[in-house]
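In structure tokens below, several structures.
Below are two complexes that have chain A in common, paired first with chain B and then with chain C.
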Partner chain A sequence: MKSLKYLTSVLAICSATGALANADLQSQIDNPAQWAIQTGDYENQRYSELAQINADNVGDMQVAWTFSTGVLRGHEGSPLVVGDVMYVHTPFPNTVYALDLTQEGKIIWKYEPKQDPNVIPVMCCDTVNRGVAYADGKIFLHQADTTVVALDANTGEALWSVKNGDPSKGETNTATVMPVKDKVIVGISGGEFGVRGSVTAYNMEDGSLAWRAYSMGPDSDILFDPDTTTHLGQPVGADSGTNTWEGDQWMIGGGTTWGWYSYDAEADLIYYGTGNPSTWNPAQRPGDNRWSMTIMARDPDDGMAKWVYQMTPHDEWDYDGINEMILTDQEIDGAIRPLLTHFDRNGLAYTLDRVTGELILAEKFDPAVNWTTGVDMDPNSETYGRPAVVAAYSTEQNGEDVNSTGICPAALGSKDQQPASYSPKTELFYVPTNHVCMDYEPFRVSYTAGQPYVGATLAMYPAPDSHGGMGNFIAWDNIAGEIKWSIPEQFSVWSGALATAGDVVFYGTLEGYLKAVSADTGEELYRFKTPSGIIGNVMTYEQAGKQYVAVLSGVGGWAGIGLAAGLTNPNDGLGAVGGYSALSDYTALGGQLTVFTLPD
Partner chain B sequence: MKSLKYLTSVLAICSATGALANADLQSQIDNPAQWAIQTGDYENQRYSELAQINADNVGDMQVAWTFSTGVLRGHEGSPLVVGDVMYVHTPFPNTVYALDLTQEGKIIWKYEPKQDPNVIPVMCCDTVNRGVAYADGKIFLHQADTTVVALDANTGEALWSVKNGDPSKGETNTATVMPVKDKVIVGISGGEFGVRGSVTAYNMEDGSLAWRAYSMGPDSDILFDPDTTTHLGQPVGADSGTNTWEGDQWMIGGGTTWGWYSYDAEADLIYYGTGNPSTWNPAQRPGDNRWSMTIMARDPDDGMAKWVYQMTPHDEWDYDGINEMILTDQEIDGAIRPLLTHFDRNGLAYTLDRVTGELILAEKFDPAVNWTTGVDMDPNSETYGRPAVVAAYSTEQNGEDVNSTGICPAALGSKDQQPASYSPKTELFYVPTNHVCMDYEPFRVSYTAGQPYVGATLAMYPAPDSHGGMGNFIAWDNIAGEIKWSIPEQFSVWSGALATAGDVVFYGTLEGYLKAVSADTGEELYRFKTPSGIIGNVMTYEQAGKQYVAVLSGVGGWAGIGLAAGLTNPNDGLGAVGGYSALSDYTALGGQLTVFTLPD
Partner chain C sequence: MIRQGFSLVALTTGLMVASGVWAESGYTMDDPNIAVSYEEDGRYFTEDDVPTFNVTDDGKVDWLTFSGFRRYHSECHVCHGPDGEGSTYAPALKKSALDMDYYDFLDVVTNGRQRVDAADNSVMPAFGTNLNVMCYLDDIYVYLKARGMEAVPRGRPGSKEAKSDAIREAENACMGT
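Coming up: the complex of A and B.
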């Protein structure tokens, strides 16, 4: 009875969101011919109802047309499709193209921001950008230099722009924008520069500031109500954003917000996670370092936090908690529950009740994970909700200037920003994962605005005693807490997944393959070698009655930083260069869109 | 009886070349599964015997795999295929990749020369390179900075390198290298910087200099024998390379050699053309300016010139004579003649006897051509072999600082470097052409080494009163002197053509389309939008029993210089920016290889 249950829950979400979400955007999202938001929908399911391309015929898929973006380095995110227009963005300098789908991608307009290239060296993990957003006839671009700009979707004309941060202090942007109601929600990057993370809402109409919620600091900065904001069911109490920090360290505390955002219109809550506390040397910041590494549920109108959950108190490994929150309505013990599923960098997959913040499940989604024995699930325990740290892999306990070896996962996590997908038909999550471990040696650093504030030397390598590769593409059951199937990959899967009603799941590989696999079994049904390594997210749309699948190629991101920035020293690129050096045997820099379809 | 005649002539050429040409390279060329030389063969026919992809099934063609070169700007030339290895080059910085065709392009080795970027501003017409050469287990690369390097084809290791010119004087390179016997023949660019052109032969074994032949200067510099070197059947006489110049102007006389080279093993002659005399202001260089704008036939062993033919004496329009010389054996008046066919920038297609240098035919291959009424074909005339110049379009007669308008073709000619193809089956030449006219205003300049030495302001636009586009792709009969069919194109066709035994002709467009047309009728059979504008040359090969067609995308070259170099002032890019400004509505910079094949 899965399909009936699924239908009911889809209807429930759609009718609700229609009422409360941005009405224009919601109606564009509801049309499966389009891809109107980076995340596929507000729920971040990245699931498409299109089924013309399906498990039976995907093997016949062909390239329909292609488009070079004119920019090299890492291409994250995906195009949007609204009407007959496709919006394609690039990494720095963040060019945006509007392409006419009725004319194989003829360029309708091009927007080329002028940005100071000095922003490049303060971007930790390549010059990526996770894409533009659409709402109310506007395209929203959040540039590397933190300029948020609203463009007329028809002409590309800039309607307003606002500066969200200051690159001279290490504040940059790589994330997309989430339009909700009459606002756009934006994050900030810079955890490796001691930036204090925040989420900001600007009014869609004119770019004026609506609210800003920091990740740490006084209650008035973090928009927490000591009495009504809860953590694991309990009010957080006063000063929760400062009282787990020593002195003023919270002011340079990290907890940046460079990941994905979701929205539940019925609960009227937005969800996102915060990044690592600064520095990477845990000895320099005693305490739990709240609210870094935290899932946040906030009211989009005023930013007030309803509930929060800190996954990795006092991080010792750079396990930023920013990965996407996927919203689903699924049955548990006979009742349909409003769930939030999150695959964290720390290697644990969390299932929570997204309305109450109740922790339902926390299980390893990569068997290699060894830094923790698991999360205390006993609500009556002192350590309820906390992961038990294995001493041997505690970089804090091993101490400064000591190289802790064999920690799994590596700093880039069992999964990084590359978003998973959910199929309501199978009730499975399709997760691009990393299968990488590390050595980690913390050292003392001092803070200078705009300078790296890292404090650890890293080396990364494939998970030992496994298949030798650095990634897996897995199907995850978020209620059983189990891997259903797992496809070994030579490199981390740094591309976002797409599941469709055609029972196919798509993802890209760092070597540059677009792959289509069976949603049920993971069996490979199709592969195609695109021009460059894929770290973009696969999307689909329909145009003139034909379904298309599209993906950006362009190797880079943290995993591909060696190629992207021309680094060869193994410890460079925050430790990623060595582990991924073999990538240069497979691919070179690029920046291309490849669009697939079935033969006529 | 075309096919029988054709077979005979192919056999004649093959057996002859087998004896005298570089034996290894000739045997690689003779294997139609390979593409062992940029020009397809020594004859520059760019014809393939492969027929698995043919006029009946080319419409089903699909993209097999793709490869990003990691470099932007104009990608001219094509990959080579020798054995199971494909060699791909890029524009500046002239990276070379060896790709494993048994593993969808896995990178076997990569050669990345370190070049001073100061060479970029002294390249007149984008940072293009027309590809590497192969012979005797070596790959030959002629870099932008004029370094000629021999690489071990198996490992990419540099075996020797030699500097052919000096970029600080404006000497650069864009051309491929032609291996002949135990030498490699190389040219030089820089006609817009007052470089005195030359052709140089280096010994393949160690890179030592064998000979150098300048385009102008004393007989000992130009390797002319006053008594045996002929022009239109007559000995050239003493000092022919200086006595049509005023004073020392020949020392900065241009006549560069950046085009294509062919070789006839039976006649043991190499053929190439020389470029425009410097400056573009004709008033500054009275006289015929020999031997700029000249077809040269030289002995590859010592460089001595056997015969020459100056097509455009005293150039007034920048009609460089460097386009390829296509060698064919065809019947004229009942006898098989050794022919040389050349489509010149000046809009005239020439058919000559390649052994004697006899001028057989000179006809306009674009009806728009208006600067000349035609070539005097009367051997007894004073002006035998000279084009009659129309006064209204003579920038010399109109004078300095006068804008001569409506001249057809524009400076980039009715055809530029983009090479034509010849099918022995149809006995037709398939020619990518420009359909562009210009205004040209010469002005006085003074020479400074390494500085532009141009002396004219240009504007370019589509040929008036025609189809509105800037190009045609035509089929040419070189014996009748007639266009057989013509396909109008919106932009100049800046890609090289490929004809195959499958009765298909391939070419690329500046918008980025690869097109396949019927060799007989020109009817379009297939088109595919590649990532970026195509100025590369289409090639084909067979691997594991399957035929593939491949082409480099990457808009640029002179026509695409606006996009490539980010210029927007219409008169910039030596006048090309304005005419081609609409290109930015279709494509953006790229650098990709697209490989096509039939479905399994």
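Coming up: the complex of A and C.
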């Protein structure tokens, strides 16, 4: 019943406001045979109506065909399918292939940009790229060196390109872009290099700049209106992007924007999160460091912020706030509410009203989380909306040159960018998570443009007194604030999930398994070991009446740094047997697309 | 001076034999590129005046090895993995620090190195302008050597020598503080 309501409300939104979204892209998204946007839809639900492969028959699934990308680095993101063409991207050098699905993946065109390899070491944590975007007959690629290029989807010819940042200052890119209306919304990476984060809109037609909104700085830079932009229902006031920083520190303040973006056509707002403030040494940047670690809701036409919410004021643990914002319409206390659900690195899952920015719920989505006792939910409190920090795990209170131990989660968060999915049938979120804790010692560092600006030493290990593994795959109820079921995993789950109308949820593992589980119970229904660890996102499409499921393999990214050699464990002997094993015992580098289907 | 060095070597060598790590690194503690010949103001050197680590029989490390642990995990770890163990795409520096000549090591850190072709996209950046690296080059180098010999286990060194006044003065002069 609820799912029916949901469907009708979505249809109503689409028909009423189709002209507001990018009309072409919205119509491509509405066709479930395609996967026209990295996030599945503008709402970031990663849900498909396809049900040919379902809970009853997924166990029979077989590999249909495979494709080697020719690159041996971490493969994040997923292919797109528009019409009979699949678009596959790679990590640096960011090659794009157009494959003909009517001819078993024959290459129609290949685009390989020329990039200065000096961008490679400036990318924190491997040379990943989270994929291309499609709209109006164009493929949009955002390269590692921050070049945004529009390609003719039919020929691969470059139509325009624009440089979004300067890699010599540490500005790079790993994210996809989001086409909205006549614009392309573009983020930036480099929080570990003292980059000041920003979101930029380029005009889709010619690549000219429409607007840029920084994460911190004067009101004119951050595109805030002191009177109408709100934080937890209150106007932010003047200079909110500078008055919680000391001196000019906001100029190298971080708050980068390398996550996923979502869009609500009815509210006409885009949503994204900002990353950690630079440096990782909190003593060097006193204050709340606004607007790092913040959920932003902006007008796509002019970039003006409607509402914001800072989740982790004055970060002390590198808990970037960039994870995806998943938009749903669900019933709370008898009324259908426009919701935004966000699983933050800091281990808290937030449910907000996406139109007003009202905070509805904030609960831990991993019981291991210990740095906070929870968020103050009393609107009349002076600390409304703030997490209560546990002193023992405060790297600020413990001070510089002190090793704070046993902090959960680790810097890679209870969940990183690996996107969750949502099924309107079960009203559950399916969340790939990390189950890792850390020791963190901050110390003084000096800033040099284009050089790392970190200032902390970290040691990471599996969450103590748990199942010994470093990950869980969970089903989350965003209204009750509860875990419905949880599947322990030996390694962090670094793959984006996919839920389908076939009552199946798919995800990949770092050992390289593609797994299918029951959307209701989490029971495993299928597994297949692909050639390399999976940090890509599972997608699905239909071709000539047949449903396919596809995922990129290619271990790497943040996970490939910590886990390749196995994590250190200072709690030797506590029985966390599985966690000691190194990922290198299970998988090696790779770069391959594996496409699955049911046998004829 | 030299005599003292020898006794230190004997002690640490004894420790290494006990934990049986000879085979892994392929080097022994009496290797001239590893053995401590003399100490000066809290820094340890080989007979060729190349910095090296010193670990006492009860596991106490010299200041530079401890400082190198911290600086490594701030500046190098995001590519080269925890404890010098390497990542999916960058080499294990605990091995490089043993296999490479000290002056070659300094050169690569300072000026960078590229290996970019059909099979590789491997680029080491130039850290020559980064004070957080350049002021602690010897610290990082001796820490990685100690890791390569497994003279310090993975993770944070348990106990350390105090920071000498000479080391503190040199650090302040280099960092400009």
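Here, the second predicted complex is superposed on the first by the 576 of 600 C-alpha atoms of A that agree within 3 Å, B and C clash if a C-alpha of one lies under 4 Å from a C-alpha of the other, contacts with A are read in each partner's own complex, and residues count from 1 in each chain.
Everything below uses one rule, namely that a residue touches a chain if its C-beta (ideal position, glycine included) is under 8 Å from a C-beta of that chain, and two chains touch if they have at least 3 such contacts.
What you see is a predicted model; the values in this text were computed from it and never measured.
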Requested in this report: Kindly classify A:Pro531 by the partners it touches after superposition: chain B alone (first), chain C alone (second), both, or neither?
Outcome: first
Query raised in the report: For A:Pro121, is the partner it touches chain B (first), chain C (second), both, or none of the two (neither)?
Result: second
Requested in this report: Classify the contacts of A:Lys110 with the two partner chains as first (chain B alone), second (chain C alone), both, or neither.
Outcome: first
Requested in this report: State whether chain B or chain C is in contact with more residues of chain A in the superposed arrangement.
Outcome: C
Query raised in the report: A:Asn154 contacts which: chain B (first), chain C (second), both, neither?
Result: neither
Query raised in the report: Now for A:Gln62: first (chain B), second (chain C), both, or neither, which partner does it touch?
Result: first
Report task. Mind working out whether A:Gly560 is in touch with chain B, chain C, both or neither, as first, second, both or neither? Result -> second
Report task. Tell me which partner A:Leu589 touches in the superposition: chain B (first), chain C (second), both or neither. Result -> both
Report task. Figure out whether A:Thr102 sits in contact with chain B (first) or chain C (second), or with both, or with neither. Result -> neither
Query raised in the report: Once the complexes are superposed, what residues of chain A are shared between the chain B interface and the chain C interface?
Result: 72, 589
Query raised in the report: Given the complex with chain C, which residues does chain A contribute to the contact?
Result: 71-74, 91-93, 117-118, 120-122, 124-127, 192, 280, 403, 439, 441, 443, 445-446, 448, 451-452, 454-460, 555-556, 560-562, 564-568, 570, 589
Report summary line: As the complex stands, chain C meets chain A at residues 69-70, 73-75, 77-79, 81-83, 85-89, 92, 112, 114, 116, 119, 121-125, 127, 129-133, 154-156, 175-176
Report summary line: Note: in the complex, chain B contacts chain A through residues 60, 62-63, 65-70, 72, 95, 97, 104-107, 110, 528-532, 553-554, 584-594, 599
